[in-house]
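Next, two complexes with chain A in common: one pairs it with chain B, the other with chain C.
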Partner chain A sequence: MTPPVPPEVLARARARLLGAPAIPVSEPVPPGLPTASDGSSVWLLPPWPDGATPALLEEYDIAPMPLDRPGQARRVLAAALRCCWTRLDDAPWPGEPAPVGDVLEVYVRMSRGDAELARRWATGELRRLHDTGWLLLDEDTATVRTGPRIALWPEGSLGPLRDLVRRLPQPPEPLPHVDAQGGAGEPVEDPGE
Partner chain B sequence: MSPTNDAPSLDDVLVGEAVLGVYRQMFAALARDSGAVVDDPEMVDVAETLLAAFADAGEEGLSHEQMRHVCRRYPAEVFENRLRVLKGLGAIREVFPKPNQLRYRASFTSVVGLMFIRRMMRDGGQSEMHRLLALEQLNVADPRMTAEQAREGAEGLARAFRLWSVELVTLTNGTIEELREQAPKLWGTEEILQRAERLHGAILRRWPQLDRACTDLRAAIYAYGDASRRAAARLSDSAGTTRNLTLLPPETWRTFARTASREELAAVLDGFVFDAPAPWHEPAAVVSAVEDGPRTTPPRPAPPRPSVPDPGLSEDAASDDAAAERLRDVAEQVLRGRDRVAVEEVLDRDWAAARRLLADLSSAHLHPELPYRLVWSDGLACRPDGSPTWLSPGVFERTGP
Partner chain C sequence: MSELFEPLLRSYDEKRRAELVAAYMAVEHAAEPVPEVRFPALREPALRRTLQEMLALTGRTLVRTTAKGGPTRWISAYRDDVAEALAADPACVPPPDERAVLTLILIHSVAIPRAAGLLPDDSWLSPYPTPLDELRRRSQLPIGELEAALRRLRLAGLVSQVKAGPDEQGGFVPGPQFHRLTEAARRRLQEELILAAGPDSPLAAAIRARRHSRARAAAQADARRAEGARTDAGQADAAEKTDRGEIA
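Take a look at the complex of A and B:
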């Protein structure tokens, strides 16, 4: 057996291996990892040196991680932001939970063609975005939230995104109202569901 | 060279001269002058160009001008110098040995020599060793081969292997960079060792009396095998510590990947942690993805509108006719059927109402479609008690129907 590895090193390795794992706020955070917290959990995020983001790879002509249908994934992400990022003057993280149906509806209005097909595609993309930590998808309550990785976006790069989210189609009118109440009074609504 | 144990006879000199002739022709391409080796690779290129041209020219050979034309890329003095040396060493000769001969032909031996030299340069003698071993194997199987020839062959090979391993050992003790650069040309593959041992076995089976030469050969082969293993071990040690994959040739890595067991392959990445796959979505990328995507909405969204409605302004701006109509009413009220009226009459009331009327009259004057105008004269009447307190006499008049 190799000599014992210090626990914080191990925790750090585990965090990088698992992507963006969530730990309770009470747990110690391994040093050197940026975190995103929503009050009850802390997500450990992959570190990038000197505040850079992986977008830097493009400047060095290095291929980023290959992605199937990146355009579609990003459009679904934009649709989810339209629903979850309700206070556009704030940072998108932690955002507010929104029903998956709203996100799908926004996506359908954004795109062209068969609505049913678009919903199915978007559902797949939502799951993939959930797997990689860009969204938090709760399949039981069918709600979606912005993911911890979004907290890595530097504030300076958010301007165009804010404009974009303002321009996107509105989520269906009555539902976001209900959702806003649900978001505010979730513990009250939960038993009713 | 030629062994001259006795007093040399004329025959010996002749034989020696013939051997020297072959040597000279072989290495003519490498000669700077008849006594030294080239000091510029370009000189060899000239020789190669010439020899290629001769091969194309066929049996009538080339004239001096044609040779110059072929070598036009090189400076004249370089070409002349090379030609003189090549002629002196017999690599290029007159077609017929007589004076004032204008056409030349090239020697076959020089071309072969040059090919050999190029090959040695490329792979440093290792493939040459393969060829020699294969040839020797054929020779051993040849029924005309004598024991003496076999002994000479075995001794030559033993010498080559010994020198080879000495060079490799020297490199192994030198710097790692030098070793990496030179070793791939020098160190042996399993195949060359096996082939050498096979040859050794064949010689020993056919001529058991040559066991002594064979022992030498065997020892040399083993020494070489050890040397090349040691060089490889040194390289893989340093490769293992530096993770510089170029320290070993790609073939070595490929062989390892093909032949290693699953555990060995897994052990390579022991202690590595791989990041979870994490595609990155830059905000700008999200924006451009949405903008490039297919959509039903019009491509240019309407400009942002203030949320508070402002109907007054828009109504005003839209109804030019209504404004003109209002001005006409005001003007007709002032004129009361007359064609002209003095302005001071009209304004003879309190200033708050008069200035509004004056503004309307000015508007009617400036409106391009209304047939009214204001004409002012030069005077100025001061009226300290009146309102307004000063007044220029002027006329408001109708200019048309």
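Take a look at the complex of A and C:
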């Protein structure tokens, strides 16, 4: 008879299967797994030896797991970084939440062709990037944040990325009539009625 | 940086260590099995044993694939005992509609061509796409749910989409994850496919009978172990009493 699987081994395998799952900060982290936290949740990340990343596959000319539309996925991720990575001197994780509309606008400005179509494609791509842990998409508030997998990017690789993000189109300026001033967007009752 | 592998890597010099790390990342992240000749840590048995131990820390193992006359290649997969434990966890199992769609693709793209002698017996990858129409008709899922299931299966690498060409119909085939099957997992999948595609066939009856007798043997072994544990406890109890001079 084979002995049962050690719980810490099973916990690591489970984290791989679920793909950077989130647990409450109060829960214990399986030993040996790196984590990313935003204060309320902890995400379990893959344990890569010696700071290696899957980018190493390129050196050996080995194809990584395929993506459906890798170019589009990268551009939408870049547009999201432009909006969420606001303090470029810091690390991109955890970043700042940004309106989905801003990310779509940056993406449209980066691409050619039909803007409406580009927005639709990018919306689907945001969902896929959320499913894979590269972004955190909150469809209720229509905001997006950088995802926990981004916490795995080594500091040494961020330099060229910072340069690239700086060169991308800017997100649109916030509109001047902000609700904080007194509910500009709310229906106003007519005092005369 | 992860400290998980440090006890295994500590004793190696920088070069060997880098070779182990490269092979680890390659087998864990490649789309297809990687050639042994490219990675010293796959080629040399002593290093390969350490690589196997690194993978075991996360419930993974090495799988060797050798095409006829081709070079030896390796990829990683879940260890069988780990896969079994994960399959018992509802959070780790895909929902029924995804499993149904994947089963239809395996029947259409693998079982049928295999039965016709168009595919070798041990391959789970197939050049014969299952058309979307076929999936829609057979799955009886609303199109929205079918597309959502296909999206998640594609993201997981369980299904790949094949674009329609001038002469071929497009559709869906088993994805790159089907490279990542241990010998036992292949056998189990083969049996499941027979049970799904021909539940009333003699082969399916044989599989059910074998599983039944295996389950009975396991239950008997469990019972024997429990009995053994009781006996051990009894003996320990008696030994303790002897030590204390209660049984003279």
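Throughout what follows, the second predicted complex is superposed on the first by the 168 of 193 C-alpha atoms of A that agree within 3 Å, B and C clash if a C-alpha of one lies under 4 Å from a C-alpha of the other, contacts with A are read in each partner's own complex, and residues count from 1 in each chain.
Criterion: a contact is a pair of C-beta atoms (placed from the backbone, for glycine too) under 8 Å apart; a residue touches a chain by one contact, two chains touch by 3 or more.
It should be emphasised that the depicted structure is a prediction, and the values quoted were computed from it without experimental measurement.
Peer 1: Would you mind checking whether chain B and chain C clash or fit side by side on chain A after the superposition?
Peer 2: clash
Peer 1: For A:63 in the superposed arrangement: first (chain B), second (chain C), both or neither?
Peer 2: second
Peer 1: One more residue to check, A:50. First (chain B), second (chain C), both or neither?
Peer 2: second
Peer 1: If we overlay the two complexes on their shared chain A, which of chain B and chain C does A:17 touch? Say first, second, both or neither.
Peer 2: In the superposition, A:17 contacts both chain B and chain C.
Peer 1: Return first, second, both or neither, reflecting whether A:34 touches chain B, chain C, both chains, or no partner chain.
Peer 2: In the superposed model, A:34 contacts chain C only, not chain B.
Peer 1: So, does A:99 touch the first partner chain B, the second partner chain C, both, or neither?
Peer 2: neither
Peer 1: Between chain B (first) and chain C (second), which does A:149 come into contact with in this model arrangement: first, second, both, or neither?
Peer 2: Only chain B; A:149 stays clear of chain C.
Peer 1: Based on the superposed arrangement, let me know which partner A:167 touches: chain B (first), chain C (second), both, or neither?
Peer 2: Once the two structures are laid over each other on A, A:167 reaches chain B alone.
Peer 1: Should A:110 be classified as contacting the first partner (chain B), the second (chain C), both, or neither?
Peer 2: first
Peer 1: For A:158 in the superposed arrangement: first (chain B), second (chain C), both or neither?
Peer 2: In the superposition, A:158 contacts chain B only.
Peer 1: Once the structures are lined up on chain A, find the stretch of chain B hitting chain C; candidates are 127-135, 271-279 or 361-369.
Peer 2: Among 127-135, 271-279 or 361-369, the clash with chain C belongs to 271-279.
Peer 1: Which chain A residues are contacted by chain C in one complex and by chain B in the other?
Peer 2: 2, 13, 16-18, 53-54, 64-65, 132
Peer 1: Along chain A, where are the residues that touch chain C in the complex?
Peer 2: Per the touch definition, chain A meets chain C at residues 1-2, 4-5, 9-10, 12-14, 16-18, 32-34, 47-54, 56-57, 59-60, 62-66, 68, 128, 131-132.
Peer 1: What residues of chain C sit close enough to touch chain A in their complex?
Peer 2: Result: residues 1-5, 9, 17-18, 20-22, 24-26, 29-32, 34, 38-39, 54, 56-60, 78-79, 81-82, 85-86, 89, 91-92, 151-152, 154-155, 157, 160-161, 176, 221, 225 of chain C touch chain A.
Peer 1: Contact residues on chain A for chain B in the complex?
Peer 2: Residues 2, 13, 16-20, 46, 53-55, 64-65, 67, 70-75, 77-78, 81, 109-113, 132-134, 149, 153, 157-158, 160-161, 163-164, 167-169 of chain A touch chain B in their complex.
Peer 1: Could you please specify the touching residues of chain B with respect to chain A in the complex?
Peer 2: Where chain B meets chain A, its residues are 271, 273-287, 289-297, 301.
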